[in-house]
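Read from first to last, the chains carry the letters A, B, C and D; within each, the first residue is number 1.
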Amino acid sequence: MKPNAEMLTAILEEVRPLIGQGKVADYIPALAKVSNHKLGIAVYTNQGDMITAGDAHEAFSIQSISKVLSLTLAMGLYLPNELWQRVGKEPSGQAFNSMIQLEMEQGIPRNPFINAGAIIVADMLQSRLSAPRQRLLEFVRKLSSNPHVVYDKVVAASEMMHSDRNAAIAYLMRAFGNFDNEVIPVLNNYFHACAIKLSCVDLARTFSYLANKGCMVDGGKRIVTETQSKQLNALLATCGLYDGAGEFAYRVGMPGKSGVGGGIIAIVPGDMTIAVWSPELDRSGNSLAGTQALELLSERMGRSIF
Amino acid sequence: MKPNAEMLTAILEEVRPLIGQGKVADYIPALAKVSNHKLGIAVYTNQGDMITAGDAHEAFSIQSISKVLSLTLAMGLYLPNELWQRVGKEPSGQAFNSMIQLEMEQGIPRNPFINAGAIIVADMLQSRLSAPRQRLLEFVRKLSSNPHVVYDKVVAASEMMHSDRNAAIAYLMRAFGNFDNEVIPVLNNYFHACAIKLSCVDLARTFSYLANKGCMVDGGKRIVTETQSKQLNALLATCGLYDGAGEFAYRVGMPGKSGVGGGIIAIVPGDMTIAVWSPELDRSGNSLAGTQALELLSERMGRSIF
Amino acid sequence: MKPNAEMLTAILEEVRPLIGQGKVADYIPALAKVSNHKLGIAVYTNQGDMITAGDAHEAFSIQSISKVLSLTLAMGLYLPNELWQRVGKEPSGQAFNSMIQLEMEQGIPRNPFINAGAIIVADMLQSRLSAPRQRLLEFVRKLSSNPHVVYDKVVAASEMMHSDRNAAIAYLMRAFGNFDNEVIPVLNNYFHACAIKLSCVDLARTFSYLANKGCMVDGGKRIVTETQSKQLNALLATCGLYDGAGEFAYRVGMPGKSGVGGGIIAIVPGDMTIAVWSPELDRSGNSLAGTQALELLSERMGRSIF
Amino acid sequence: MKPNAEMLTAILEEVRPLIGQGKVADYIPALAKVSNHKLGIAVYTNQGDMITAGDAHEAFSIQSISKVLSLTLAMGLYLPNELWQRVGKEPSGQAFNSMIQLEMEQGIPRNPFINAGAIIVADMLQSRLSAPRQRLLEFVRKLSSNPHVVYDKVVAASEMMHSDRNAAIAYLMRAFGNFDNEVIPVLNNYFHACAIKLSCVDLARTFSYLANKGCMVDGGKRIVTETQSKQLNALLATCGLYDGAGEFAYRVGMPGKSGVGGGIIAIVPGDMTIAVWSPELDRSGNSLAGTQALELLSERMGRSIF
């Protein structure tokens, strides 16, 4: 069954009772103060239809969802060999910011979506781009067709104030010879990427290239090759939801990526791009109501990759 | 493009030069003596066409591929809650037979496809079936439409002689209260399941229910519900290839399961079931030439879940 | 100052208020039912004086203290090279029954006083003695000058009923090739050794060879060489108190060995042998009041190895 | 037997053939270029006799031996509770610069002699001293009775250039709330302490307070209380030789501390202080010939704490 506004609205009402059972990210004040009652969803079909419900037009901090955008940029700047010798493609089996695995595996992060891996990608962007922060912002504005996208400076600064663990991760990788630039500026760029603000509508538009064999739905511009699009979806499916990737695949059955701001994007390759937002998180750090909404949507539409 | 015998034959010739670069499993003599030159492939479409090339009709030890069959049986005997409180659904991020994670996570294996998880499933089958070994054999004979399927008694006995690590795993889970029966009989059943002999043709037929929304292609008999079929494919996609699930998704883009006998099954949901066989393994324990054959097949057919 | 009965009695009264703040070992019923109010101490000087206070004459389960006796026996049966290639001499830095380190270090236990190491010693005794259990009992009877020493059969049987973790440890070492006999009989011997019953007086007499350069104080019979005596004391000092060896050295300053029955032996080389008993344990599994009594005794006598 | 110059000279000749079998520390150039043929020993008795052989008067980089001096200073500035809530007293069971244990144990280092623990001590000195670097230097000059002791600025700067792993350790502890100052200045002080240059003669004099119940042998000035002296020796005995503390106790039987410059100090409480130097290290990072010289000396003198 095709998605429509009624279906989306019904799903939001069905998952709304979950609000109160999760926990808004509170490691920085700027995130903690977001209302836990926000709830939105947007579905962008490959035919160019945008269907929405709830707070789908309100921008929020995309946090780790930005890791997909940084990786996409890096895949355009580096050969596969160059990229994948510095970061792996396997699920981590540990919390997103654990250093144990990183030390055991000699400073090579498991995948580009745990913090260590995303910091490597930021280090690689820093090495090849003269103004990586500006470049990433332009990229997102183009993908979202929204020229007003900005970094939330308060969030970025606040993250920088709480960056000790990420600094430890970066220095450990440097100790293993897997880090080329100064730690602080790279972290600063990394935190800015996390502090990008987008709405569900922006997000669904931004990631439509992953549903459309590498090309933006709106205008058709090629962002990555068809093969790269497949590869990105594969990485999302196995590593996109921290330590909850298996559960997400089992319940939702779509490649996806979450952020601690409460957003999740999910892809039905060849068909549509979905974005949901609900700030309260489950124990793995993924949006509680957002995951449930995606599960219901998958069921109602009868669509998944499996 | 649709697969045909010429395509399959061409792919086998293209991957044949990889033979010599991997390593046949040699932890038991019965596996070590299989010729490393065996190479076969079978594609079974949801329309009922069986397309083959190479040694597709020769039976071999399916080893860990049997874990999918045991889990399928268990899903029919237990409620989801009963099953998933004893074994997880997440990729492990460690070698298939490591005990470190198992101890850290209090005796709950990460997923049903690492050894610890499959041993839990064997323990659960033992608790609910009066003759689990006979029952599994009948199940496989039905699925493969091959009444001649047998256990390789030499392989099973040989595995039992080298079962110390699996015994350690079972006893550790028992120490955590996650094991109900005597260790030795459960391991014996577990090793018999691994010692089932099937050809690529048998395997492609056997797993057609995962490509066909839970029903066997031949005859249409329902094996699992449509939802369970989705769930099984999700588990295969995130956990089916030991510590190489991410790489397999990236290159092949299909849910799959490998065994150290050199077999791999792969599913294109809604479309077809594929089985390959080449005994030499890569460092993660997955068939080297088999994986490459699946990657080429995915490219040539333009088919993957991503 | 020399120890005397008044000093010992005063120390026991001083530590008695700690009773109620620890926890009696309860993993087997036979240990759990010992009264937590038992409190005894015995000091046996190299001049042959036995000074006691409290429940010093009541026998209790020596548990891990037996590991020193088994090791002493093994040092007489094996060359140092044979022994120390199978078990290390380093503190473990992890709980006494953890398997993580054992797997990381390829089945070679850190030292002979963690469970894994003591099980290796039991395996080695099994390989060279025709009746290891009888032999150990005779050895203890000789050392303690007490022909009535027995195994507590109820404790040994109860341990065997709760042996899953130790079985897991033994099988893991077997998987690494560091175990020569059948697991069950070796564990049975190991649990019998733990189930030896001795009083503080027996214990102080039993271990006098470690205070007396390798010879029993009573009669002067040589048990180990002077060098071996030094080596055993060194092992006790660095590895004798599970994960609390550093704290014990810091507070008490004597080589020692504890058991979960609440006993501790401590050595002042060249001077005296001490045994204390109080069943409640601290978080590391060492007798809470017993450790405190030893600390006070060390202070009052002005004696330690540091 | 009492030590004399002939005994020391004979021992040095006996261990000299070991040179060539170890490995000089080469992680910074300034250490790598020290001649591997240096070999010296000094014994300083509590009666004030200094007995030497070989290169006993040549100053070298004391490296981790400085950790004992920093801890001694900190014990004078902090109450035991304040100190020991931030760093443990247990052997680590892992390499001296591993982060795995540090993460598992929530940023509390196992003991003050692994890098993480020494960095905590440096952080604590920074918090309470206005010029910690100058203060430490004055302290060492007083203890060694050598006003010419200096920091090797080249070594300190070179360490700072290779400080990524130590920075990672410091940031990780900060992430756990166990670090109060800025990372870089604390590391700078830490590396300066490691870069102190002392000869064997200087070292034996410097640490005489540990052999003499807390008072310098020369002049009798009290440095720590008698109890603190016992405690420091206990920490040296269980944690002083990285991951080789057990082996050192077994072979040498004295509290000791090593540095990657090839120096080792060893204490016979109540009797004498010993310093050896030979730059080649064994696999645990302790001086190969130095350890052997101490083992022979312990045997020849018939002196150890066991």
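What we mean here is this: a residue touches a chain if its C-beta (ideal position, glycine included) is under 8 Å from a C-beta of that chain, and two chains touch if they have at least 3 such contacts.
As the structure is a prediction and not an experimental result, all values here were calculated from the model.
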For this session: Go through the assembly and pull out the chains touching subunit B as well as subunit D.
Result: A, C
Problem set entry | Neighbouring chains shared between subunit A and subunit B, ordered by label | none
Problem set entry | Centroid distance [mean C-alpha coordinates] between subunit C and subunit B, Å | 48
Problem set entry | Distance from subunit C to subunit A - Cα centre to Cα centre, in angstrom | 55
For this session: Quick one: report the Å distance separating subunit C from subunit D, using the average Cα coordinate of each chain.
Result: 32
Seminar exercise, completed: So subunit A residues touching two or more other chains come to none
Exercise. Name the touching chain pairs, please: which are they?
Worked result: A-B, A-D, B-C, C-D
For this session: Using the touch rule from the top, collect the residues of subunit D that touch subunit A in their complex.
Result: 98-100, 103-104, 164-165, 167-172, 174-175, 183
For this session: Over in the complex, which subunit B residues touch subunit A? Could you list them?
Result: 88-94, 101, 110-111, 229-231, 233-235, 237-239, 243-247, 249-250, 253, 255, 269, 304-306
